[in-house]
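What follows is a pair of complexes built around chain A, which joins chain B in one and chain C in the other.
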Partner chain A sequence: MAIDVVVLVSIGRHPVSGRARRADADARAVELALGIAGAHVQLVHAGDPDEPALRDYLGMGANAVTVLRMGPEADPVSVLSAHLSSTKPQIVLAGTRAEGGEDSGLVPYLVAQALNTPLVPGIVSLSLVGERAEMLQGLPRGRRRSLVSPVPLVATVPVMAPAPRMSAFGLARRGTIAVKDADAAADAARTAWTEGPARRRPKRIKVMKAASAADRVRAVTEMAAGKGKVLQNVPPEEAAKAIFDYLVTEGIIQAKP
Partner chain B sequence: MILLQGLIGICVAVGAACALWRARRWFRGRPAKVDFLRGLLRFPQSYFVDLHHIVARDPYTARMHVMVAGGFTAAFLLTLAVHLFDIDSRGLAWLLLAFLVLMGAGAAFVALRRRPKPARLSAGGFSRLPWSLFAFAAAFFLATLPKAGLVAPFAAFSVPGIVVLVLAAWGCAEMVAFLPLGPMKHSFAGAMHLICHPRFQRLGAARPDSGLKPLDLELPKLGVEAPSDFKWNQLLGFDACVQCGRCEVVCPAFAAELPLNPKKLIQDLARAVDPGASDAAYAGSPYPGRPVGQAHGGPSRPIIGDDAMIHPDTLWSCTTCRACVQECPMMIEHVDAIVDLRRFQALEKGAVPGKAPLVLAELRATDTQCGAALASRLDWAADLSLPLISAKGECDVLLWLGEGAFDLRNQRTLRALVRLMRHAKIDFAVLGEEELDTGDLARRLGDEATFQDLAKRNAATLAKYRFRRIVTADPHVFHSLRNEYPAFGARHEVMHHTMLLDELVSQGALPKGKSSAGKTTYHDPCYLGRYNGEIRAPRAVLDAIGVERVEMERSGMRSMCCGGGGGAPVTDIAGKKRIPDVRMEQARETGAAVVAVACPNCAVMLEGVVGPRPEVVDVAELLLQAVEAA
Partner chain C sequence: MSEERIRRDPRAEREARRGRAPQAEDIPTPVAAEASPSGRVRRDPRAERAARTSRAAEPATAAQPAAAPESESGRVRRDPRAERASRTGRAAPAAPQPAAPAPAPSGRVRRDPRADRTAQRQAGVARAETASPVKTIADPKFLILAVPDLEDARLSSHDKDVIGAARGLADAGGGAVVVLAFTGPEGVKDGLDEAGADRALRFADVSFAGYAPERRAAAVLAAIQALNPRHILFPDTGVVGGDVGRRVAVSLGDRVASNVQRVAPDRITRRGRGGRADFALAPPRVLLIAAEAADPVIDERYEARDLPAPRIEALSHVEDRGLAATDPATVPMAEADFIVSAGNGVRDWDAFHRVAAALGASEGGSRPVCDAGHLPRHRQVGASGTLVEPRCYVALGIAGAPQHLQGISKVERVVAVNADAHCDMVKRADLAVVGDVQALMPALERIAKERRHGN
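On to the complex of A and B.
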């Protein structure tokens, strides 16, 4: 029996031009879903069915996207949760973070909470073995952690996951957009906000005293190959203390005397 | 000799039937508008002038072909007269003998050329061909001797009579009865191809007919998936391939051992039309690194696929350099076929490899290949205060900057060009933020939708302003604006910067200076030379500044690609070598200290070659240096 995989897709925004497009992380989630053997992939979007950028996802080879129609001010969490609890897919995927709105990355967590399923953050691959999903979670500096979870589950896909395929014009044109009217509550908190361009934060400059190109390469790779330490199976207080101390040494926060 | 008469008669009838049988497979393609009468009337000129020009680049083959083809055609017609219709004339018989001797001598050249067989030629039926030619010539030579009064007539069942019959049967089988199916197929399909050529306007054209034709984006299926999606005269063109391997020899991808051989590509396309097709009978060089005999296809089976007739890596190895088109004596349009196939992959499957999907997505989102803000196209020129046409409204030269404006290396070229124009007091302006990518790269990658979108928007911008001509330092931009934008309503005079510089130098608009560059060799960009026929202007500029100019073995219209065209750098198919390394090696062989370039892609590709090598300098940079030294 084919396993139902739903990918939550949102409308992204190109960081330079601001033009609407498929959201990068969501597109990677679709790519990952299309690669799961034996999966029946469905796309779900909460928002405006007439948004042309939705077709970018159809161009990746999914036949249809279900749009839960709601206004721009509405909160997608309740709408998505309601839809998913009635369709009951085994796997729900989403990008780790949207490219507009709050950008908090919390929607998948809230949906998982509503569906009462585990949430696996930041996976870069997934395959099904019986009723279980075997996943690789992407960690910083190219490390991977293998995880296994029973389905149903919600998982998020980061921008470090494999690049999405090209959106094909012909497929995008032919795919269908199925609209369902959704009953969405307005996101009261958000209406009060104003959006503005982000302020560029100054980057910390790493001074490298390297005589040759080879030295520079070595300096970079040595840095990447792990300063810092991995703490495993430590009590939470100790872990929190380690993070706190690190932030203090980096000068990001100041320890109270 | 009633037996001989019967044999000839039967062979002619079988030949006609085979021709019809063969032609049937072309009509598995889509309909195409063909002016048959016009093609037929122009045929002598197409064959004896246009085609001969190409064949004559290889004088040995040209002589060989004139002897065999001329000898055979005349001999065949005379054979019909003398032997089939039994016209009793010594004169005709002597004439026939003469043409048969010519043909036989030609056959000797055919045999000699294959000894030892050069890699570019095919074995299989072609190995047999010289002997079949001999058989034909010998049979009718013997049979004609009595008619010329040289020997006494011999009986059919005498030794000479039987020898004549056996040889004639062999010769006529190859050269008449089964001509449309064997190695001689090229004569029949080739003639039909010249008459019904899909780019008929290329015949006799003053400059190359190289612009791609717009694709109707409303069609239910975009691009070519299966052989039946090609136009019928394209299928006819593939069938005309004579497997001479000239395309193979010049293909930069083949030279760098990427998995592409244009000759096999055309053969695979020709074979794919048959139900249950396979490449097992192909007897030429393979795609480098890929075995022969494992590809399968059929008239409505997908052509591209891991075990289909053509592997995707083969399709994406092509740099669209047109060297194969330039060399092909059968005037086959390889690049059109490749782009048709790419269009399906890009538009219907989204199956474009490497970094190409990313670049295409950036093009759609930002109208630049690198995903930069349009306003930043002028960042490099902050100190030059380039005039904007939006402020001026009109100018003489509209300078099109292109993607090169985002690249450090090419900003140096643009800087030199701007300074030269200022020296010459040219009234120029740039579009600034209004300049979008031309879409050239998207088009070569098969993404016609993105190309057309960009082309229409650029055309609308250009229509707003008044200027005399567009000048660009990028031959890819030059080609698409000049040859492909007119289909979208943008008809402007477009010049490559070397053409403008040549004009300025010859008008004396620039101070006369002498270059201090050492020995210099000029590398022709494909999109300036082969695509547009402009090989003179850049050389004239170099000569005007007294550069000691040497030519590489391959130059001008027969130059070799740097590997930067057709999106090859972004699809990035691996080969044993890299194309720019192969080209740089050819430059090294000239002993030149400088490779002069005239294209941002060439500059980047050739500068990327590691190890000691000649310096890579744009023609504009060389000229500026000379002018400033004056």
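On to the complex of A and C.
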């Protein structure tokens, strides 16, 4: 029996040109889904069915996208939850955050709440073993945590997941877009917001409290000094042992007990 | 010098004032000294200059004195002098201390300028980082809850920014900051007091460590119920703060403001549209704060009084099988956890690759070694290479040019091996070995193979 995997896809924006494209994290979620052995992958989008960027996802090899038609600033959560409650997929994947709107990353959490399933954040791989999903979660600094969860479940896929395949033109043309009408309420809270272009802040160099200009100059020009333990005239064996012990006590590597 | 005049060294006094827990019997308050008849203060420009230019060998985060006495409140009282002494590797002298001179028979305080100067010089730059008097907020009008990630039981700079943002919100209206800390069984390695916590709610149980977002969210929700904070702040990080914060917001039925760039009591700015737009709005209850959105607290100390932590029953449906082995060679440099890096001092490249593999570290290099083709270009660390943030950086035969040091400016632990004891990398290092790197590499490889866990 094939396992039903639904990927929630949104429309992204190219960070520089602002052109509509597949959203990076969502495309990685599609890539991850297409790699699950024994999965039947469906894509679901809440929004405008005529958006050409949807075809980028089809070009990755998914046969069809189901579009729940709604206005651009409407709230997709109720629409998606209603659809998924009726289709009951075992696994729902989504990018950690969208790149076209509020980008709050809250949609998968609300969907998981509506479906009453666990949510696993930030996975970079997933495979099925019987009724259970074995996943690797991406942690900072290249670390990975191994997790196992029963299905059904919702999981999010971060931009550190493996890169998505290119979109093939022929596949993109041939794929079908199935439209379902949905009524979504407009997002009321959003109208109270004011929007402007993002203001770039300079990167912080150093945090300091300076009484005078001289203090400030000193703080940025001075080199950060370490704890400064220096071993001199020590034979290499002993120095190597000192380094090794330091790495162990600082928890960088583990020594045999 | 006239007898009436007290010779003062303002810097040393400031130091003394800042560095000590307030004690009634500590006489030399500046007010008392100013009251001297002439009222004139004598400065010692040379000593001040010396203090300015001398550098402390260690940052203030160095080890606490072995036996810090515990006060009745259960909080550890710091003794900056003992700390300073332990930092400089000297036993605390039994001789009279410059900061607490005995009152002369006349009742006036006699100071010893030379001892003052010595103390100053030892304190050096670290002086700016010694603890200040504790600020207490006894009766706050409202509470702000901050939940740092505390990865590896340490406050990251992002964590400190979040507590700084909470401070800003609290200070704007007479509120107090509660830091909810999943400390792990061994406790937090950095002081929550110096980070800006008025209260601390600590969850030390191991069941909150590893993968435990449901339990963490339940703990935060219990704290919200007990304390009714005005705002709850998390670092907007992928799988820790950002995840738990979203769970909490969903349970509260609230919106969340993520990727928050600026925080004020009535207005916040959050980034959206793929990073191209800023939205300004009234702050919702749950705020997910971007790194560097606020400045951390520095040079100040708050009470960090412990609040009783509630018991949490929630359990997880997801099983945590622990960290998976990853191949350090395939991890991108910017993400690497542990880097062994080579400079021009390395000549035996075979030995270098072997020692990196034996330690399970990612390889890095300085620009000249990448220029020469010993390592691929994407391994270059520095201003024109990658800015790296491993937990530890081992620099083998790297001089420490400014362009290279820029690339490791955020690294906490640096180990250097260099033939030149005076190079900047040795100064930057927490542990430095002065000697030939060619001889050291095979020795380190051998001991790593012998004693390291796993392959």
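Here is the rule we go by: the second predicted complex is superposed on the first by the 202 of 257 C-alpha atoms of A that agree within 3 Å, B and C clash if a C-alpha of one lies under 4 Å from a C-alpha of the other, contacts with A are read in each partner's own complex, and residues count from 1 in each chain.
What we mean here is this: a residue touches a chain if its C-beta (ideal position, glycine included) is under 8 Å from a C-beta of that chain, and two chains touch if they have at least 3 such contacts.
Just so it is clear, the model here is predicted, and its values are computed rather than measured.
K.L.:
Between chain B (first) and chain C (second), which does A:Arg19 come into contact with in this model arrangement: first, second, both, or neither?
P.N.:
Only chain B; A:Arg19 stays clear of chain C.
K.L.:
Can A:Ala178 be said to touch chain B (first), chain C (second), both, or neither?
P.N.:
neither
K.L.:
Could you figure out whether chain B or chain C reaches more residues of chain A?
P.N.:
C
K.L.:
For A:Gly61, using the defined touch cut-off, is the partner it touches chain B, chain C, both, or neither? Pick first, second, both or neither.
P.N.:
In the superposed model, A:Gly61 contacts chain B only, not chain C.
K.L.:
Between chain B and chain C, whom does A:Ser167 touch in the aligned arrangement: first, second, both, or neither?
P.N.:
first
K.L.:
Once chain A of both complexes is superposed, is A:Leu147 in touch with chain B (first), chain C (second), both, or neither?
P.N.:
second
K.L.:
Intersection of chain A residues contacting chain B with those contacting chain C?
P.N.:
none
K.L.:
What part of chain B is in contact with chain A in the complex they form?
P.N.:
217, 221-222, 346-352, 356-358, 360-361, 364-367, 371-374, 447-450
K.L.:
Give every residue of chain A touching chain C within the complex, in rising order.
P.N.:
Its residues touching chain C are 12-13, 15, 18, 96-106, 109-110, 113, 118-122, 136-150, 158, 160, 189, 192-199, 201, 203-204, 207-209, 218, 222-234, 236-237, 239-244, 246-247, 250-256.
K.L.:
Give the list of chain C residues in touch with chain A in this complex.
P.N.:
52, 55-59, 62, 125, 128, 151-152, 210-211, 213-214, 237-239, 242-243, 246-247, 249-250, 255-259, 261, 269, 271-282, 292, 295-296, 298-299, 316-324, 326, 328, 331-332, 335-338, 359-360, 362, 389-392, 394, 405, 409, 413-415, 417, 421, 424, 426-436, 439-440, 443-444, 446-448, 451-454
K.L.:
Per the contact definition, I'd like the list of chain A residues that touch chain B in the complex.
P.N.:
Interface residues on the chain A side: 14, 16-17, 19, 21, 59-61, 163-171.
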